[in-house]
Amino acid sequence: MAEAKGRTTGLVARPLWRTGKQIVRTLILGRPNTVLYPHHKLDLPLGYRGKHVVDFKRCIGCGNCVTICPNDCMWLEKLEDPELGKIERPGIDFGRCLFCGLCVEVCPTAAIHETVEFELADHERQKLRSGPKELRDDTYADKIPEERPKRSLPVLDLSKCTGCEKCAEECPEICIAMMPIEKVERSKPEITLAKCTSCGKCVAACSEQALTMMDVYDSYFDMPEPKLKLAECTGCGACARACPADAIYMLEMPGTEKVLKDGKKGKPKKRAVFVLEKCVGCGRCFRACRFHAIDMPGVRK
Amino acid sequence: MAEMWVNMGPQHPMTHGLWNLRVKVDGETIVDAEPEVGYLHRGIEKLCENRTYPQIIPIADRLCYGSSMTWSHLYCMTVEDLTGLEVPERAEYIRVVAIEMQRIASHLMWLAAYAGDLGLSVGFTYTMRDREVFVDLFQALTGGRLTYNFPRIGGVAHDLPPDFDRDAIRAVDYMEKRLREYEDLFDRSKIFMMRNEGIGILRKEDAMNLGVTGPSLRASGVSYDIRKDAPYSVYPEMDFEVATHKDCDCYARYKVRMVEMWQSCRIIRQAIAEMPKGKWRVVAPRTAPEGTGLGRVEDPRGEGMMYVVGDGTDRPYRLKVRSPIFVTVSAAPKILVGYKLADVVAIMGGLDMCIGETDR
Amino acid sequence: MNLYEFSYGIIHWLVDLVNHLWYWLGDWLPWALGDFFTAVGDFAASDGHLSVMTMLLETLIIVIVALINVLNFLWIFRKLSGRILDFYGPYYVGYRIGGWLQNLADGMKLFVKEIIVPAKADKVGFLLAPIIYVGSSLLILATIPFSENFGLSTNPSGEYVPAGALFAIAAFAIAPFTILLAGWSSNNKYTLIGGMRSAAQMMSYEIPLLLTVASVFLLAGSFNFVDIVDMQHDIWFAIPLFIGFVVFLVCLMAEVEIIPFDLPEAEAELVEGWTTEYGGMRFGLFYMTTAVRSYAGGALATALFLGGWHGPSFIPDEIWFLIKAYLVFTVFMWVTWSLPRVRIDQMLGIGWKRLLPLAVLNLFIAAVVKSAGWV
């Protein structure tokens, strides 16, 4: 097929025939192929990546979107909301945004979406920076069909757990293992989420209702996990306050009470305990700890 | 008239992208040529050293914005080679469909610019109109129209949208009908043949010595296609032919690209028919082991290569990109000498320059 | 009533009106001045003066009609190009008449642009070239009559210039010199190349053009437009002289510099060719002159080959003429947008090696047809 050359019979006859058909088509039979924008606009498919919207109720303020943006165009802004209190929500600089959609993919609660709005031009560069309030739309997620797969998974509240091990016995897939917590005379259940079949038996078995079934979105990104260096932990609790996903609990270490001058016993020291199933990998604990007790292995600054 | 250096300068309607071609003309005949690239250098390789592996995918897209799926796929292949990751089969098939669609879209854009430079504005609008069909398909598949951010390390970003099979087959049918019509506009037009036959001859030995790859090499008679000679992804299971041509002139380069479009249509049909069901993505590890990874693909413009060095963290230590046009543009002096100034357009246009990947 | 009588009537009426006032004024004034006024009034009413003014008015009418037609041509050019290239042409300006006012808007825009004369340019040549170019192009239209009653005639019986067709072709041929002048006086390497290419192209395509027109003269037996058109009442000259007609059209395309022959202003190599240094309305004049020349070429082709104003009588003659001229222009557009550009040496090759023998062959055919008495 690559070798045969066409014959140019009539020198110009075939191109004229082709263009002649086109003239008949657009003048007599129909319309040209273009659209009289801005009077008529094309319909864009739902997956089109345009302007973002942020659902304030779903967002936990973790900042994963800010970290993953390739072009550093997002920031977290501290706001006061009448319903939600003191929150941090992301804003986007559309002058720098690539519209790549990585922030949408990495969000652990599917709080940020991209709509089909693309007419974002403005006369001033400052106006292109959209703060969180301009991006807020709490009802967008209800209007579109759910795209990200999610699973029902058991979520642990460590403050209620007593370490009774009933959940580990009930689990048919043996995904729950009781791991001892160092210096705290208790063990906590560690759930291997990959093996969980959402049967709910562990939730039913727990007498303290420390386990609840919640819908969790699948994440295809391997987020970094924090490791605690117990020797440096002072129990200040900064990491627990910084964690947006409630994955860090401060537990008392029995036997570490200091004896005070008047003979009374003081309060026991605390240590941080991680429930890594809930961790979203945002790294705020790492940045909050001033004693360098938390390490994120593999992350290069 | 004395010989003079003419600058087909950085700002010029003909040069696709920002580069400078200095030609030494004696009257109307070209005696020497010197390309100057580097006006579009964006420091992409340095940018990649400070970003995590998933963050580099949109940047790899922007290496050559004319065929961006190829470059992000190449990057994902390279990192999968570094980390030793197995990609599910459905993801490989989806990637092949996307790459071949990108090949058709890239060749159509080349044809649009080429015809427009030669004076045939009708060629420009018709090919761009047909490219819109594929760009709309990409818009439905990935959400973007020019740079897609679709392949991921470990698969593709999401599954095919509903009705994509039907739309893709319709697009391929439409394209095959249009390719037959393009023969009328180009092959059967005496003036087009006058501008292209015998112009810009690049002999086989010169092409191989200079390291030219891609359609320009295949137009000189060398049957070298990485999809057949060093196959990757699911190409071993695809049935297609490698397009070659024995004349080494501009017409041969045009014909090779048209035949490649036919073969891409064939590959898309096979891939859609044979696509297995299953997962489309696996979770890739965040940190890469210490080591190196190499990927080679058949870009619409030639052979693209990427080489990544990992150092145990979540950012690459070094990412090296080998661009096909960077090598082909150095063949300019060989091809241009002896022809007229008006042929520069046809010859350099026929090489399909994309300066984004040349300057990185 | 023909154009001469029509204009004569207007001028006569106008001169009478002015003379009423003039004579009354002359009566008022004392002796020598009054006599002077009377003498001027008598001179104004004399035959010679009236016929000169009539001819001037005729010319004005013809120029206005020509320019309005040029506007139409520009509209057809943009609209038809758009439709061939699969988009809408001008659409919004003049919304209800299909975007006809777009060219007026573009002309106004060109008026307000800054006109820069390069410092080292040859000022006389730079300023003179567009004037002569536009003037000579409008001159072609002077002698082409639209019908027996509409044309530049010199007496009431409607006799036109005896060698009208020859004059038109001669005016056509002034253009290469002005282009060379424009390209050279801009003091720019690229315009010089463009100007020389353009002059070479135009001059080498004049020869087949003239030979083809000579064959029409041979068949018709006269240089007068009215005689040529009258000889076509049985059969249009395009049918026995079909080769000549095709050669004529190709040479016209090369003269008017549209694709496939527009290398002198090819964007891909030289930014705008020989018109690069001209800005504002000067550039607009060049653009308009392309339309004027294609209109003139279309009118020539109609008069010489396509039977002029002959056609069924339910449409007046002038409209037939215009319809045929517009049709020729539409064919030009169709060909323009279907073919790529020809390189300069290939173009000169076509002109000398292919069209010239065909034109000579056409001359031979015309001689055969005439002497066999078929036409």
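Letters are used for the chains, namely A, B and C, taken in the order the chains are written, and counting of residues starts over at 1 for each.
Convention: a contact is a pair of C-beta atoms (placed from the backbone, for glycine too) under 8 Å apart; a residue touches a chain by one contact, two chains touch by 3 or more.
Just so it is clear, the model here is predicted, and its values are computed rather than measured.
Common neighbours of chain A and chain B, listed by label, are C.
Taking each chain's centre as the mean of its CA atoms, A is the chain most distant from chain C. Chain centres here are Cα averages; for chain A and chain B they lie 34 Å apart. If each chain is reduced to the centroid of its CA atoms, chain A and chain C end up 71 Å from each other. The distance from the centre of chain B to the centre of chain C, each centre being the mean of the chain's C-alpha atoms, comes to 49 Å.
Each of residues 12, 15, 18-19, 22, 33 in chain A touches at least two other chains. Multi-chain contact residues of chain B (touching two or more other chains) are listed as 122, 129, 185, 189, 191. Multi-chain contact residues, meaning those touching two or more other chains, occur in chain C at positions 84, 86-87, 337-339. Residues of chain B touching chain A in their complex: 51-52, 54-59, 122, 129, 139-144, 147, 149, 152, 154, 157-158, 161, 181, 183-185, 187-191, 193, 241, 243-246, 251, 255-256, 259, 262, 281-287, 312-315. Chain contact summary for the complex, chain B toward chain C: residues 8, 13-14, 28, 115, 117-126, 129, 185, 189, 191-192, 194-195, 340-345. Residues 80, 82-84, 86-88, 91, 334-335, 337-339 of chain C are the ones touching chain A in the complex.
The touching residues of chain A, counted against chain C in their complex, run 12, 15-16, 18-20, 22-23, 26-27, 32-34, 36.
Interface of chain C with chain B (complex): residues 84-87, 259-260, 262-263, 266-269, 271, 337-346.
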